[in-house]
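You will see subunit A twice below: alongside subunit B first, and alongside subunit C after that.
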Partner chain A sequence: MIFRMALRNLIRRPMQSFLASGAVAGCLALIIWTCNFQDGAWVLLMDDTIRASAGHVVVQADGYQDAKDSNLLVADSSAIATKIRQQNPETTVMRRLILGGMIASPENSVAVGISGVEAEAEKAVSQIPKMMVDGEWLEAGTSGQVLIGTTLAKRLQVGLGDKVVLTVSYRGELQALPFRVAGTFTIGNASMDNFFVLANLPTLQEMLPGITDPATMISVQVEGYKVPAGLKASVREAVGDGPEVLRAEEALPELFKAEELDKIGGYFMWIFIGILASIGILNVLLMSLFQRTRELGMLQAMGMRPSGLVQLLLTEGFLLGVFGALLGFIAGLAATYPMVEYGIDYGMINNQAPVSGVALNTLMKAVYSWDKMAIWTGFHVLLAVLASLWPALRAGRLEAVESMRSQ
Partner chain B sequence: MYFIVSSLIILSTPAPAAAGTVPTSDQLKALLTQVDDNGRSNSSHVVMSMRVQTKRFSRKMKMESWSKGKEHSLIRLMDPPKDRGVATLKVGDKLWNYLPNTDRTMRVPSAMMSGAWMGSHVSNDDLVREYRLSEDYTYAMAPGSASLGSERYTIRCTPKPETPVVWGHIDVTVTAKGVPEKQEFYSEKGKKVRTMTYSDVKEVSGIQVPHKMVIQPHDKPNELTEMVFHSLKLNIPIEDSRFSLQALRD
Partner chain C sequence: MGILTAIAWRNLWRHPTRTVLTSLTMGLGVAFCIFMASWIGGFLDVMRTATVDRNLGHLQIHHKDYPETMNPYDVVPQAQSVIEGLQDKPDVKIVAPRIQAFGMYAGAKDEAASGSFVGVDPEAEKNLTEMHKRVRKGRWLKNSREAVIGHRLAKELNLDVGGELLVVVNALDGSIGNQVYPVVGIYNSGMLERDGGAMFPLQDAQELFAMGDGVHELVVLTQAEEKIETVQNSTTNAYPDLAVRTWYEISPETKQMEDLTAVTSFFFYFIIMAISGFMVVNTLLMSVYERTRELGLFASLGLPPKRVVMMILIESGLLGVLSSLLGLGFGLLGHLFLANYGITMEIKEGEGFILNGVVLDPVIFGQLNMTQAIIPLVIVMFVSVVAGLWPARRAVKLDPVVALAQE
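So, the complex of A and B:
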């Protein structure tokens, strides 16, 4: 009975009802869209960063995480990687050697960061192969190839096939080798395009005297970006004592902190937007209460108890919330769809990556976060009911006689 | 330091080829070996000035340098007064700079090897690189060398594939007596990148030594670095302690 009365009351004032539920719908649609996009962006960002700069679990020389000293290397890295593979056959294991140094051409010389990588394994996880402008990705088994950013190539005034000399320092000893430019890439990040040099791991290893088969890190990777429970312990068992074994959260704390802060910031913003929507409902119901005082007095005279009036107004708020949430949910999904299918290329703001030294896919796509969409939809219905609480309580305190006199 | 000092101190030993003849490959090797070895096995003390002209600034410095063999050298600025005491020490392939204003000694890391030494057209990397023309390069008479006559030759030195140098080739012009006159550095594309010109040859301790060297980068035609020796002593006894971190600060 009350439900039908509430529904009829809302239909009787279509413009007011539409505006109130429209406010809820608009806010919810905005929240769903941004929430899905934020989640999609972070999935991509986390996945790219974890794969390119560490691993789901990473093995490094003891003390490297704190010191980031390029002299701290894991020796006999190939043997360790093999043990990890044998113990965890479902994982991908790859090695990287990261050194500071200098690259020189006849025209110029520039300080750079040099990554020695296993060509095939790295190609599967790195975004750089998709960002090649000239030439080809590194060829496994060949020596003397480097890939450099287009900005760096411009500074050195070199192109495909040109000779450059890499100089690195290990334990105070300078080592230099000639290389040929096998390709250039554009990541879209000014500092990386001017700083990042890639070479085959074995060639770079030859430049370091006095250490056998060195690597800066042995990266253990799985599908997705969530680190499986037990993977770290399993890797530790395979590696034994000595090197440090870290989960991605420990190896890349700044990345996970940035995700947490961004999401907390998002929650505050969305709650604020939800409150704005509920103020719309509060306004509509209060206006409705003032306009219908005589009508409500009539209902009391006909025997409706104050609690009935409270229930009536609360039900109206609930219906406005449900209707608005439904509309907002559909609109949010509709707005999310092109973001899931086509995404947004944010190459222009790629410099904002929270972890430096990582080539990120600049095409950000949204994901359908169904659990969060359900929570936010329910939250908006709840806000609508809460917003109708005050008008409902006021309606419950109306005196029938006084209300009947109201114009 | 080796780059600066020993590029100038090319000791004049008997010429490998008699005047009027075209040197054979062996004679070219002997000539380049002389260029490689001469000066490296000797000690020296030099007072010199360096003038750096760039499009942004012009700078003149006076400095004192000690060297011993190819491994050790120390350069200390004497003038201008604000830079007095600034010093560079090279031991092997390691390089340190000392800045008296902050009283700090800094080891030059590999990433900073590309930096210009004292603002000149010589990089830190140039100071420590040591490759032998007679061993790390292949060599032959450069095209057109015959037109120079029989008193001087231009030898084209092309780095071997494994030699970590950036040049496509270097044309070294030397007199028949082994005194260098010019080195022209080319990229692999044949573009002339840098020229070093030697002049003002004087005899010191019976050795012909160019006392002036000009480095001219060709991509910056109005820029140059000029080094002039004011006094030079060769084959003098120098203690190894001269090339220590302590001596760098003295």
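So, the complex of A and C:
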């Protein structure tokens, strides 16, 4: 009964109902769109960063995480990698050797960070193969290949096929080997294009004396960017005691912290927008209450209890909220769709990762975050009901005689 | 006009709740924009501090090939006369020379590492950048034959203040330069490259590299930000063979961030525009509906439609003024809070986001320029008046006879 009255009241004033639910719809659509976009950006960023700079679970020499000392290496890395693969056949396991050093051409010498990678495995997870300007990605089994950034190439005044000398320091000794430039890349981040050098793992391993088959990290990766619950324990079992085994959250605390801060900023903004929407609804409902004072007094005179009036107005608010939320949900989805399908290529100018040393995909796509969309939609219905609380309580306090008198 | 304004003002206060809620919503929208502008201003300032105050200065002068190649042989020709010429310019505050190169380092314990090598004039550098304030242990350079080292290098070499640093470089005359320096300080510049290297007094650096009185870089601080391009132009004219670049040409990331920010601000302005327009239409439409009979009376008494339109536009304009004032008040309060207390964005203890190899300060204090505060006010005023057009048109389309017949 009250429900039908409420519905009829809303339909009787199409313009007002439309404006009130439009406020809810507009705000919700905006929130859903930005939320899906933000989530999409983070999924991508997390995925790229986790894969390129650690792994869902990563095995490193004990103490490496704190010290980041390039002398701390895991020996016999391929044996360990094989064990991890046997224990977890669904995972991808790859090794990396990360060293500080110097690259020199006849013209110049520059301090660089050198990553020794497994060419095939790395190609699948790194963004750099897509950012090659000249030459090709590393070829497995070919020794002496090196890939450098275009900025670094200019500084060294070298091009494809030219000779460079890499010098690395390990346990106090300097080791130098000649390499040939097999390709150049532009990541778009000046410090990386100037600093990042890639080489084949086996060649780089040869430069380190006194340790067999060394690696800085053994990266264990799965589909998606969420770390499966039991993965760390299972990798630990395969590896045994000795090296440290970390989940992505432990290996890349800065990344997760940055995500958290960014999302807090988002919530702050969305709640603010929600508040604006609810003041809008409050305004409309209060006005419709003033206009209907006489009518509501009549209802009371006919025997409707104050609690009935309160219920009536709350129901109106609820219906406005539901209608607006539905509309906003659909509009938000519609706005998300092209972002999911096509995305925005924000270009290379801003390839700024929160964790340094990662090349990011520059095509940002949104994702459908169903759980968040559901929460925000519910939140807006709730806001509408809350906003109708004040008018409703006011209606409950109306004096029948007084209100019948009012125009 | 006077009487119309009086009527319009009274009309607004027939429903004080409605007027207050409407202008509150719009005001909060404006306040949000002002707050965001203050936040973004603070963030840009942190970025600027990190690039300009720590390293780049306002202008940098190099050999014309140096920016591209960063070749240590490309020294600034006749640096001394350039320095003197610049110091005579009234707009120039400081000119400081630097050696920018690369060295191999070793400590006492057989550890070796490679990193940046920067030679500076300790006193001039003190006035130019805040590097001396970023010495975390020990002191800044004072005498000749001493070194300050970055915290990352210190860690890599296990070297502390009081220890000895062995430096090996490729001197410009083709020889190998080496020298032992006592370490007098350890700094944390937040610049990843700089922190992995060391800094030395200029003369020692010139001696080690066998480069006479040559320098690679002249860093200029002008009297004011606005003078940068004036000084750049006059310097380029005086020394056409040198590369004279502003800090934002060297580090375009900060500028790009500003542009990105402009897009974000536009997005927010659009939101407040939408919200404001919506609220004004809502409020005034309802008020026109309520006053149908009254407006009909005006019309039948011979008030020209133009004046009715004017009256309603004044109402909406007044709403705009009220909202602007509220928004300015709340916005400035928010800004003052942010400017005094700041918000901490800590990724790691004591460290903020990393931008292009530079760690930003974690606490962001609000910064606002008056234009940014005024733009949203102007937008709200404009939107209010424009949004008043629809209700106004409705009001004049009324047929007096029909309107009067209404209850």
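What we mean here is this: the second predicted complex is superposed on the first by the 401 of 407 C-alpha atoms of A that agree within 3 Å, B and C clash if a C-alpha of one lies under 4 Å from a C-alpha of the other, contacts with A are read in each partner's own complex, and residues count from 1 in each chain.
Everything that follows uses one rule, which is that a residue touches a chain if its C-beta (ideal position, glycine included) is under 8 Å from a C-beta of that chain, and two chains touch if they have at least 3 such contacts.
Given the structure is predicted, the values throughout are model-derived calculations rather than measurements.
Look at subunit A after the overlay: subunit B and subunit C clash there.
By the touch criterion stated above, A:A182 is placed in contact with neither subunit B nor subunit C. Subunit A has more of its residues touched by C than by the other of subunit B and subunit C. Of the two partner chains placed by the overlay, subunit B and subunit C both lie in contact with A:A111. In the superposition on chain A, A:V367 makes contact with neither subunit B nor subunit C. In the superposed pair of complexes, A:D69 makes contact with subunit C only, with no contact to subunit B. Of the two partner chains placed around the shared chain by superposition, subunit C is the only one that A:R155 touches, whereas subunit B remains out of contact. When the two complexes are overlaid on their common chain A, residue A:V310 makes contact with neither subunit B nor subunit C.
Contact with subunit B, but none with subunit C, is seen for A:K163 once the two complexes are overlaid on the shared chain. Legend: residue contacts after superposition of the two complexes on their common chain; A:L282 is shown touching subunit C, with no touch to subunit B.
By the touch criterion defined above, A:Q291 reaches subunit C but does not reach subunit B.
On subunit A, the surface touched by subunit B in one complex and the surface touched by subunit C in the other have residues 100-102, 107-111, 167, 169, 172-174 in common. Within the complex formed with subunit A, the subunit B residues making contact are 93-94, 107, 109-114, 123, 125, 128-129, 159, 161-168, 185-189, 191, 193-194, 219. Interface of subunit A with subunit B (complex): residues 100-102, 104-112, 162-169, 172-174, 176-178. Within the complex formed with subunit A, the subunit C residues making contact are 15, 17-18, 21-22, 24-25, 28-29, 32, 68-72, 102, 104, 106, 109-116, 155-156, 170, 192-193, 196-197, 251-253, 256-257, 260, 271, 274-275, 278-279, 281-283, 285-286, 289-290, 345-348, 353-357.
Of all the residues in subunit A, the ones that touch subunit C in their complex are 15-16, 19, 22-23, 26, 30, 67, 69-71, 100-102, 107-111, 154-155, 157, 167, 169, 171-174, 189-191, 195, 253-254, 257-258, 261, 272-273, 275-276, 279-280, 282-284, 286-287, 290-291, 349-350, 352-356.
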